[in-house]
Each structure stands twice: as structure tokens, then as C-alpha cells.
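So, here come the structures, one by one.
Both of the next two complexes hold chain A, though its partner changes from chain B to chain C.
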Partner chain A sequence: MNWLALTSLMPLLLVASISVILLLLLAFIRDHKLTCWITCLGLAMAAFWAFADMGDAPQQVTPLLIMDDFSRLLGGTVLLVSLACGWMSYTYLETADEIREEYYILLSLAALGACVLVASNHFASMFIGLELMSVSLFAMVGYMAHSKQQANMTLEAGVKYMVLSGVSSSFLLFGVALIYAYAGNLNIDLLVAAEGPRLQSGYLVIGSALLLVGVAFKMSWIPFHMWTPDVYQGAPAPVTGFLAGAVKVAVFAFAMRWLMMAQGGYLDLLLLGLTVMAVLSMVVGNLLALRQNNLKRLLGYSSIAHMGYIIVTLAASATLGAAALSTALEAAAIYLITYASMTMLAFAVISQLAAQDRRFESGTLAHYQGLLYQQPLLAGALMLAMLALAGMPLTAGFIGKYYLVLVAVDSQLWLLLSLLVLGSSLGLYYYLRVILVLCKTPVGDSRLTLGASEKLLLTLLVAVTLWLGLYPTPAIQWVQLAIQ
Partner chain B sequence: MQLLGIIISLLGGGVLALIVGRQSAAASRWLSLVSLAVASVFYASLWFDTTDPQATSLWLLHMDWPWIARFGIHLLLVTDGLSLVLIGLTLVLGYVALLSAWHEINHRCGLFYLNFLFTLAGVVGVFSALDLFLFFVFWEVMLVPMFLIIAIWGHEGRRYAATKFFIYTQASSLLMLAAMVGLVLLNLQQTEVWSFSWFTLTQTDTSGSLGMWLMLGFYLAFLVKLPGLPVHNWLPDAHTQAPTPGSILLAGILLKTGAYGLLRFVWPLFPDAASSFAPMAMGLGVFSVLYAAKLAFAQNDLKRLIAYTSISHMGFVSLGIFAWNHLGLQGTVMQMVGHGLSSAGLFAIAGLLQQRLHTRDLDKMGGLWGQMPKLAALSMLFAVAALGLPGLANFIGEFMVLVGVFQVAPWAASMAALGMILAPVYALIIMQKGFFGTAASTQTAGTSNVLDLNTSELLMLGVLVVGLVLLGFWPNLIFTITVAPVEYLMHLGKGG
Partner chain C sequence: MTYGEELIRHIWPLALFLVMVGGLIVLMLTLPALLGGKRVSRAVNEPYECGIVPVGSTHFRMPIPFYLFAIFFVIFDLEVVFLFAWAVAVKETGWLGFTEALIFILILFAALIYLWRLGALDWRTSRQKLDLRNLDAR
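The block that comes next holds the complex of A and B.
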């Protein structure tokens, strides 16, 4: 490993050093504010480093990790999501009856895992990244285990996530093993492994299918979505934000490398399965969201639907030549970035509210009644997030949806396109429901307050969501750079 | 720049209204009036502006800034006579709706005027954007404030109505988005250039079966907005539940965006597909005219009745557009303006009656002429305008549409003419049930000078009356402006 490779790996090293520094620090000083500051600063520096490196030559760091513009862009996105998550966790944890500081170690480890996942072009590093992320998340989902208010929900969610995630990881590992048996190499790009011992391609088919099951679990594609609503509802709001934002981005980034960019013909093998999951996720995800009465649960189903939409890009890249592939990659990356911005906005609002009253995350939508008149900033931000998720123009969500429609029409995926339209129309109903609740006449008076740092975070997230919708050109240019 | 000026003064006025609305409701009202006035000044200066170098006799104003370079998307705002007429209608009805809101909207005023002015800005954008992507953005964005107006300030069933309104329009416009992307990709295939510009895309060869599918995507979105049968179902609910200013905006101008879309996009972009689809569309138009008129007759709720008459009148618009000849199109434009004024008048009347009687049920009214003669007389005028009495704008519109349609499809014209018989039935039933006969027992009897119109209400309705009569006697006011754009659209719509 030379110096250049080491500096290009700097974002990952920075994130890793946060957890080490915090571990050492906590032996001497326990200070919530300081811990949060170190985490956020470290994540911000890492993200900045990743974005600043954009445009540099790709660096293969050991056979395991590749730091190209794709890793930098989506890794940077993951780091920014983690930063927002750490930021919103501060107020949330301040009001929790629970030990606070260790949370940030887990957060930085999960962020590190997500970044490794994005940068992996080797099945071993993929598994390391995925497990690093998941194991930290088990603890984060169940973090409020000793809290009097939240213990039941959060423990249930944590155990559920751990057991199901463990099962899916074993599927994934088995799949990797079969692919290894076929190729004799763990490199994602099977062409590199062409000289290895070849077995019948049945190994490849079954191995890929099992690997896909593992990925589908993390992406909560139906029928592997069972954990999603419970975990979304039970986990502390900032952690749910991480699950919805960072995890989805990181896992799908790996899926893009594996299915779209690598030469292995995996995608042709899995296309039917992917299409079935897309159809189910779009339709069933939206249908199940219609009657949800808890906002986080609703957003859980909404994320199932959104992750169903993004399969359109995978299907599109399977159909045509190089031009379609690059458009599909561009669409997928844009969709991930826009989805991350709007979903983080939604969870930032929820965790600010939940920090003051836990019923905002565990209770029914009725708690949000009339929020528009009591807390215009929070309610306005939530409204924007809902409109963005519904795909209204001038918000990030529309640019993502436009890209999906573009690739679907370009590749003539009429079935998926019509389901995309149908699903989005169904989705409107529940997003509007949330907006309507916010607009109702308030019941009673509420004593919600909002500190300066929370206001700043919300303003930044609102700005990003609007900026991506109003003037997406810079984002598109970065993405085009990243997928070359 | 004037177009941008109109849009920005409306948007800016909306934001300011929200800010001052926290302190004083009156201030937000006056501020909205001022921002509407500023917008009108910009609009007036459009007429006298001869400095624009790109202006021709056809295109008055051209504003073109790059927006999303990746797809060749521009901020392209252009006006021709057609847009000019419709933007003018938007502003006039903006004043009328503002006056009707003045006393009716009493809570959360700042927020209301924000949504109100944003809706107007969105509609102005729809009427002037000629980049398809930008058009789509305005098309969708005007929905959100309208949705909130219905959902927050509407009547008893407001949330249901608002959701239905939003889902109908949004779902159909997603199909339009897909069709739009398809058209752009078709153009990309033919010319290897990304462009969403109307001027480029009208040159695209859209003959063939793909053109038909794309046309249907656009047609459906506009048909929902128009609305025409069988996708009209959102309208009676939305119009009935919206507060009076909301109903005025919906009936007066939001419906016209659908007609404008058919006129500006469907024919010029897909001439072949549209002309082969025309008999079908005209059939649906005839069906709308007759069936909605019959439904209107069966309503007891005054606002619901008026809402159904709108569907019936928009059937004529559909007919006139798909006749695609000079008389038909000119008649359509006149019908759009005439219906905008008369339906705004009728909804304003319904709102005034509801304020006074606290009901919209026609069965609970009766004999109102004695108590409020001025209001009753004006209702009579708007009702006969709606039924197409010669001397008022709607007559010119409907008559020309029928003549135009007769030239291409005599069967459609003859059947739609039956609508001229049904229209008096539903128009006069309003008068008969509401204003003649004996007073219903539930009615609170008051002295006539308390109940009748006051000055500001007279002013509000007077504007509409003047417009209707003026255009009824002097239709050339509009025809001279729209003749060139209509000729140009017809030229494009004739196909290659």
C-alpha cells in the first residue's frame, strides 16, 4: 500500500479513528456534548475529504476496497446522512433516561461499515462492511433497552432486527461461498476470476440468488420486508433515519456495483426475481402504507415502496447497451441521493419532536394534529418531506422520480412504468393524510421548543431537499463524474 | 421580463402576506391586493412593450434561460395572444376571488393568502411556460396550494374532497410525465438533441402508433383537469367543498388550464394522432355536455349544481378543440373566457347565499327575490349567461363552437345542440327554486337592506357582469388578439 492509496482511503480512516478516539476518551471523560461534537466533526471531515477527492484517479486499495468517484460520491452521501443522524441524536439522547455516549461509537462504526460496503469490490469486504454496519445497528436499534418509556418497543425491534438480519447474513454468506466455488475468487468482477477453477454455472445461479436474498433483506424488498415496519417504529427516531437513509444507500450502492457495473452476467440471472420484487414492493408496500397510523411505520412502508421503484434502474440496465447502462446508473445514484435527503428531513423532524415528547414517534398520527400552527417550522419541514416523497416538482423527490420515468421509458419497461405510476398515485393518499393532519385545528396547547442547533439542522436539510429539486445540475454533474 | 415580474410579485406577495398575517389579518388582505395590483401593472406593460427584440406579431415576449443543461431544459416563458387572454382572465378572477375572500376567510389569513397567490402564480406559469418540463413543474405546483385551500378553509367534507382532487390530477399528470419523456426521447432519436422546448418538439415526427400512446398520456391529464367524462368525478366534490374564493379559482381558471393544454400541446405536438382520435374525443365531449347537464338538473346543493354545469360547458370546449377549425377554436377561447366569468359569478353568488342563509340546499331557499333583489337580479344575469343568452359572452362561444363542429362532424354538433335545451332547464331551476316562489320556513327573515348586496360585493359581481356584456356585444376584443396564435396552432396541428 503506497501513500496515495492511504490518502484516498482517508475518509474511512477518519471515521474509524472517531470510534477509537471515543473509546479512549470515554475511559476518562463522559461528556455528551463533547462526544457528539467529535463524532459530527469527524464525519463532516470525512465527508468533506471524500467530496474533495472527486475527480481524482481511482485507487484500488488492497484487493478489497476501491476508492473511485463512485465510492467517494455515495460514501460521502452516507457520511453526510450519518452526520445528520449524529446531529439529531443529540437532543434525542439528552431527553433519554439512558447512558448516552456509547451511542456515538456505534454510530461511527455503522457509518464505517456503510462506507466499506460502498467501496467494496470484493465479496469479503462487502461482508465485512455489511456486518460491521448491521452489528452496530443491532445495538443502536435496541439502544433504549433500559429506558422506562421505550424499553418494550426498542427491545422488540432490536431482537427482531438481530435475528432476521442474522438469518439473511447466513443466506448471503452461503451465496458468496457458492459463487466462490464457481469462480475460485471472491472478486466481484468475475472476468478477473476467469482463470479460476470452473464448476457448472448452477453454482453461480444459486449463489447469486442467495446473495440477492441477503441484499433484498437490507433493502426491505417484499417478500423480505417483514422486519421493516416493526423495526422502523421501535427503533429510536435517529436510528430509524440511519436505517432508512444510510443503510439503503450503502446496500444499493453495493447492488449497483455487483449487478450493474461488474462483468459477471449476474443481472440476467436475477432479472426475473428482481422484477417480481419490484412489482410486489411497489404495489404491496404502498397498499400497506395506506392504513398506517404511526408515522414511522408509515415511512417504513413508504421506504419499501421507494426501494421498489429503484429496482426499475436495475431492470433498465439489463435491457440495452452501454448508453442505457450509464443512464440507469445515473438514475440510480440520483435517486439514492434525493431519497436520502428527503428521508433524513422527515426523520430529523420526527426526532426533534420525539426528543420533547416520545409519543410523536410511538403514538398515532393524531399527535401531529395542528402542528402547522404550533410549530410552523417543524411542520413546514415535515410537509416538504412528504411532498418530496410524493414526488412533487421543485423538491428533490421529483428529480428522482423523473429519472426513473426516463429510464423506464427509455428501456420500454412498460409493466414497471405503469406500476410506478400506480404506486405513486396510491402513495399520494398517505402522504396527503399526514399533511392533512398537520393542517387540522390543533387540540390543546403544546409547549414545543426548538433550539438553535436543531433549527440549523432542519434548515440545512430543507435547503438540500429544495436545492436538489430547484437546481439539480451540480448534483447531476457529480453523479456523471462518479459513474464514468 | 414582465412575465417573470408577474410571477415573482405574486410569489413574493404571498410570502409577505404570510409574514404580516401573523400580526394582522387586514394587513395580509391589503398586501395581497397590492401584489395583485403590481402583477397587473406588469401585465399591462406587456401590452405596450415594444422593446423586446425577439417579439414578433405572434410571440410577444420571450424569456429563455438555461436550467438543467443535462436534458436541455430551459426556463422558457413565452406569451402569445392566447396566453395573454388567459393570463388576463386569471388576474381579473384573482381580484374577484380576493374580494370574495375578504369577508369570508377569517382564520389563518396569512396562510390563506400565501396559498391563494401561489395558486395564481402557478396558473400564470402554466399559461406561459413553453418548455414542457417547466410547464409540468407549474402544472403540478399549482395543485399544492389549491389542495391546502380546500383542505383548510373548505366546508364540511373538505379533506375527502381535497385528497380526491389531488390524487386525480396527480395520477393523470404522472402519465403525462411519462408521455412527455417518451416524446423527448423520440425527438432525441430523430435529432440527437435533448430538448423540452415546445418549439423543437412540435417539429418532431409523431406519426405512428407510439404517437397515439403519447398523445393519450397528454390527453388524459388534460381531460381530468378540464374535466370531461369519464374522469370528472373529482370536480363536484372539490368545487362544492372549497371555500368561495377557492371555487372561483377552480372553476374560473384551473379548469381552463386543461383546455389550454389540449389547445397548446395535444394538437400541435401530435397532429396525426389527435386528428384520428378526434371523433372519439368529440363523442366524449357530447356525452359530457348532455350527461353533466342532466346531473346538474338533479342536484339540490347549489354549488354542486353549478359544478356540474361547468362539466357540461367544458364539454363544448372539448368539442371545439377537436373540431380543430378556425371557428371552433375561436369559439373555444371565447367559451373559456365566458365560462370563467359566468361560473365565477355563480360561485360567488352561492358563497354570498351561504354566508347569509348558512345553507347551500336549494330546497331550503325560495322567494329570495323579495328579500334581496339586487343579488337575485345578478343571479338571474349569471344564470342566463350560463344558459347561453345572446348578448353575453357564453352565447358567442357556444354558437361558434357548434358552427365549427358542424363543419367537421354534423352528428356531434346536432347532439351537442341539445345541450342548449338542457342548459335553460338547469339554469332556470336555480332561479325557480332559489329566488321565486314562497320563502321556505327555515329561512331567517331579515330586513332587505341587511341581506342584500353591499358595495364591495356589488363591485365584485359588477366586474364580471361588465366583462360578460362587453364580450357579448364586442367579441372582437378577444378575437383580434387570438386570431394570429390560433392560425399558428392550426398550422402546426394540420400535421406533416
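The block that comes next holds the complex of A and C.
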């Protein structure tokens, strides 16, 4: 390992060192504000380093990790999402009756796992990254288990997430083992070992299918979505934000590397399964959200639908040649970035509300009635998030959806395109319903107050969501630079 | 030598081992039945588990320090496992391997300091801790 490889790995090393530093700090000093500052500064530095490195030559650091512009772009995105999550957690935990500081260790470990997942081009590092992320998330989802404010739901969510993650990991690991049995090595690029007895290609087919099941659990593609609404509802709001933002980005980044960028024709084997999951996720995800009266569950179903839309890019890259591949990659990366920005905005609002009044944590829509008159800034931000998720022009959501339609038309995926349109119009109904509830006459007259740092966070997230929608050119150019 | 012959040459010790294991089990199960005396009573038919009565209510409280003890054993035992793997190749991996092993040990050491400061290595129950504090106060 040379010096260049080490510096290119710096974002990961920084995030890893945060957790060790915090561990040593917490052994002697317990200070919530200091802990939060160290985490946020470390994550910001790591994200800055990742973005500043863009344009440099790709570095293969040991056989396990590759730091190319793709990992820098999406790794940086994941780090920014984690930063927003750490930031919004501060007020949330400040008002909680629970030990606060250890949360940030778990957060930095989960961010590290997500970054490893994005940067892996080897099945071993993929599994390490995925497990590092998931195991930290078990504890984060069930973090409020001893709290009197919300114990039941959060413990249930934590246990459900742990059991189902374990099941999905075992599928994934068995799939990797079968692919290894076929190929004789663990590289994502399917380099079949020349020597030694080899097993038939049936192993590759079943192995890839099992690996896809593992990925589909994490992406909550229907029919592997059962955990999503329960876990989204029960987990603390900032953690739900991390689940919806960072985890989806990181796992789909791995799916892009595995299915779109790697050699080996995995995508042709799995195309039918992917299409079925896309159809189900787009239609059923939106239908399940229609009558939902709980904002966090609604966002869970909405994320199922959104992750269904993004399969279009996978299907598109299978149909045509190299030009279609680069367009599909660009579309997927832009969709992930826009989706992360608007989801984090929605969950930032929910966690600021829950920090002040724990009734918002359970997320029943009735509590949100008339929020516009009580807290215009929060309600306005939530409205913007809903409009963006619905794909309205002038918001980030429009750019993402525009790219998906573009890719689908280019590759003539008429079935997926028509369902994308149908799903989006179904989605409009329930997103607008939330806005309607926010505008109704308020029930009580509880006043909510916002601190300066929360205002700053919300302003930044609103700015990013609007900026990606109003003037996306720099972001698109950046993504194009990374995809080449 | 064909591939099949090679496979057999490699595998026959394993097959022999399996046969010997099977034979040993059969021997251990049949010999006592043939040689030992037979007595029938209620206590004799109960499964023997270290002299503890094996049946009873399953709703009992487990002291939590046992659990911590097991977890810490697993964590720090695994450290040794990784260090064994490094130890057999210490010359080949050179200074790079040494640095990586050092980082690994230091991270675990940080975890140990954290656990120690947290009081996780103190096996006393909260009742015992209270008694100790009262003793100190006196």
C-alpha cells in the first residue's frame, strides 16, 4: 500500500477514527454537545475530502476497496446524509430520557459501513460493509428501548430489523458462496479462475439470485418489504432518516457496481426478477400508501415506491450498449442524490417536531393538523419535501424523475415507463393529502420553538432540494464527471 | 494418475476418519448396554445434567454479568484468533503487517478502556455495589 492509496482512503479512515476517538472520549468525559460536534465535524471533513479528491485517478486499495470517482461521489453523498442525521439527532436526543452519547459512535460506524459498501469491488468487503452498517443500525433502531416515551414501538422495530437483516444477510452470504463455488474467487468482476475443477453455471444463476434477494431486503423491494413500515414507524426519526437516505444510497450504489459496472453478465440473469420487483414495488408500494394515516409509515411506503422507480435504470442498462449504460448510471446517481436530499428534509422536519413533542414520533397524521399556522417554517419545509417526493417541477424530485423517464424512453421500456407514470400519479394523491392536513385549522394551540442550529439545518436542506431542482447543471456535470 | 484417483488419494484419510468416528460411537453405545447392570427407577430414567434437576420452570432470572462475561470473552478471544493468523506470517507481511496489527490491537485497547471506565468489568451486583459504598462511607 503506497502513500497515494492511503490518502485516497482518507474519508474512510477519518470516519473510522471518529468512532475510536469518541470511545476514548466517552470513557472520561460525557458531553453531548462535544460528542455531536466531533461527529459532525469528522463527517463533514470526510465528505469534503471525498469530494475534493474527485477527478483524481482511481485507486485500488488492497484487493478489497476501490476509490474511484463513483465511490467518491456516492460515498460523499452518504457522508453528507450521515452528517445531516447526526445534526438532527442533537435536539432529538437532548430532549430524550436516554443515554445520549453512544448514539454518535453507532452513527459513525454505520456511516463507515455504508462508505465501505459504496467503495467495495469485492464480495468480502461488500459483506463487511453491509454488516458493519446493519449491526450498528440494529442498536440505533432500538436505541430508545429504555425510554419511557416510546419504548414499545422502538424495541419491536429493533428486533424486527435485526431478525430480518439476519435472514437477508444469510441469503446474501449463501449467494456469494455459490458464486465463489462457480468462479473460484470473490471479485465482483467475474474472473473465473482458470485452474481447478469448476462447477456448472447453475451455481452462478442461483448464487446471483440469492445475492439479489439479500440486496432486495435492504432496498425493501416488494415482496421483501414487510419490515419497512414497522421499522420506519418504530425507529427514532433521525435513524429512520438514515435508513431511508444513507442505507438505500449505499446498497443501490453496490447494486450499480455489481449489476451495471462489473463484468460477468449478472444483469441478464436477473433482469426478469428485477422487472417483477420493479412492477410490484411501483404499484403495490403506492397503493399501500394511499390510505395510510401515519406519516412515517407513509414515507416508508413512499420509499418502497421510489426504490421501485430506480430499478428502471438497471433494466435500461441491460437493454442497450455502452452509451445506454453511461446514461443509466448517470440517471441512477442523480436519482439517488435527489432522493437523499428530499428524504432527509422530510425526516429532519419530523425529528425536529418529535424533539419538542414526542407525540409526533408515532407519526399519526392527525397530530400534524394545522401545523402551518403553529410552525410555518417546519410545515413549509415538510410541504416542500412532499412536493419534491411527488416529483413536482422546481424541486429535486422532478430532476430525478425526469432522468428516469428519459432513460426509460431511450431504452423503450414501455411497461416500466407506464407504471412509473401511473405510480407517480397515485403518489400525488397521498403526498398532497399530507399538505392538505398541514393546512387545516389547528386542533390545539401548542407553540413550538426552533433553535438556531435546527433552523440552519432546515434551511440548508431546503436550499439543496430547491437548488437541485432549479439549477441542476453543476450537480449533473459533477455526476457525469464521476461516471465516465 | 487421473483426476478421480487423485481425489480418492486425498479423500481416503477423511473417509477412514469418518468410519472410525462411527465405529467409536457404536462401541460407546453398545458396550455399556452389554456390560452394565440394569436397574429401573424414576430417578435413573431422568436425563443426567451435571447433577442438576433438569426440569422446572423456564421463567427464571439469569444474572446479567454472565452474559457480559461471555460477550467480552468472545470479543477478546477473537482478537487472539486474528493475531494467530498474523503471527504465522509475521516475516512475510513485514512492517506493513506490523502496523496493521498494531492498529487492530490499539482499537481493541481503546474498547477495553471504554468498557473499564463504564464499569462493565465490575461483576458485582448493584446490591453489592451499594453495600460497598455504604462500607466506604462508614
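In this section, the second predicted complex is superposed on the first by the 475 of 484 C-alpha atoms of A that agree within 3 Å, B and C clash if a C-alpha of one lies under 4 Å from a C-alpha of the other, contacts with A are read in each partner's own complex, and residues count from 1 in each chain.
Here is the rule we use: contacts are C-beta pairs under 8 Å (C-beta built on N, C-alpha and C of every residue); 3 or more make two chains touch, one makes a residue touch a chain.
These figures come from a predicted structure and were not determined experimentally.
Trainee: Kindly classify A:28 by the partners it touches after superposition: chain B alone (first), chain C alone (second), both, or neither?
Mentor: After superposition on chain A, A:28 lies in contact with chain C alone.
Trainee: As a test of reading the superposition: which chain, chain B or chain C, is in touch with more residues of chain A?
Mentor: Touched residues of chain A are more numerous for B.
Trainee: I'd like to know which partner A:99 touches here: chain B for first, chain C for second, both or neither.
Mentor: After superposing on A, A:99 lies clear of both chain B and chain C.
Trainee: So, A:20: does it touch chain B (first), chain C (second), both, or neither?
Mentor: Only chain C; A:20 stays clear of chain B.
Trainee: So in the superposed three-chain picture, is A:226 touching just chain B, just chain C, both, or none of them (first/second/both/neither)?
Mentor: A:226 contacts neither chain B nor chain C.
Trainee: According to the stated criteria, A:167 is in contact with first (chain B), second (chain C), both, or neither; which is it?
Mentor: A:167 sits against neither chain B nor chain C.
Trainee: For the complex, which residues does chain A have touching chain C?
Mentor: These residues of chain A touch chain C: 1, 20, 23-24, 26-28, 197.
Trainee: Quick check: in the complex, which residue numbers of chain C touch chain A?
Mentor: So the residues of chain C in touch with chain A come to 3, 96, 107, 110-111, 113-114, 116-118.
Trainee: Please output the residues of chain B touching chain A within their complex, sorted ascending.
Mentor: These residues of chain B touch chain A: 67-70, 108, 136-137, 140-141, 144, 147-148, 151-152, 159, 162-163, 166-167, 170-171, 174-175, 177-178, 181-182, 185.
Trainee: Quick check: in the complex, which residue numbers of chain A touch chain B?
Mentor: 373, 387, 390, 392-394, 398, 401-402, 405-406, 408-410, 417, 421, 424-425, 428-429, 432-433, 435-436, 439, 471-473, 476-477, 480
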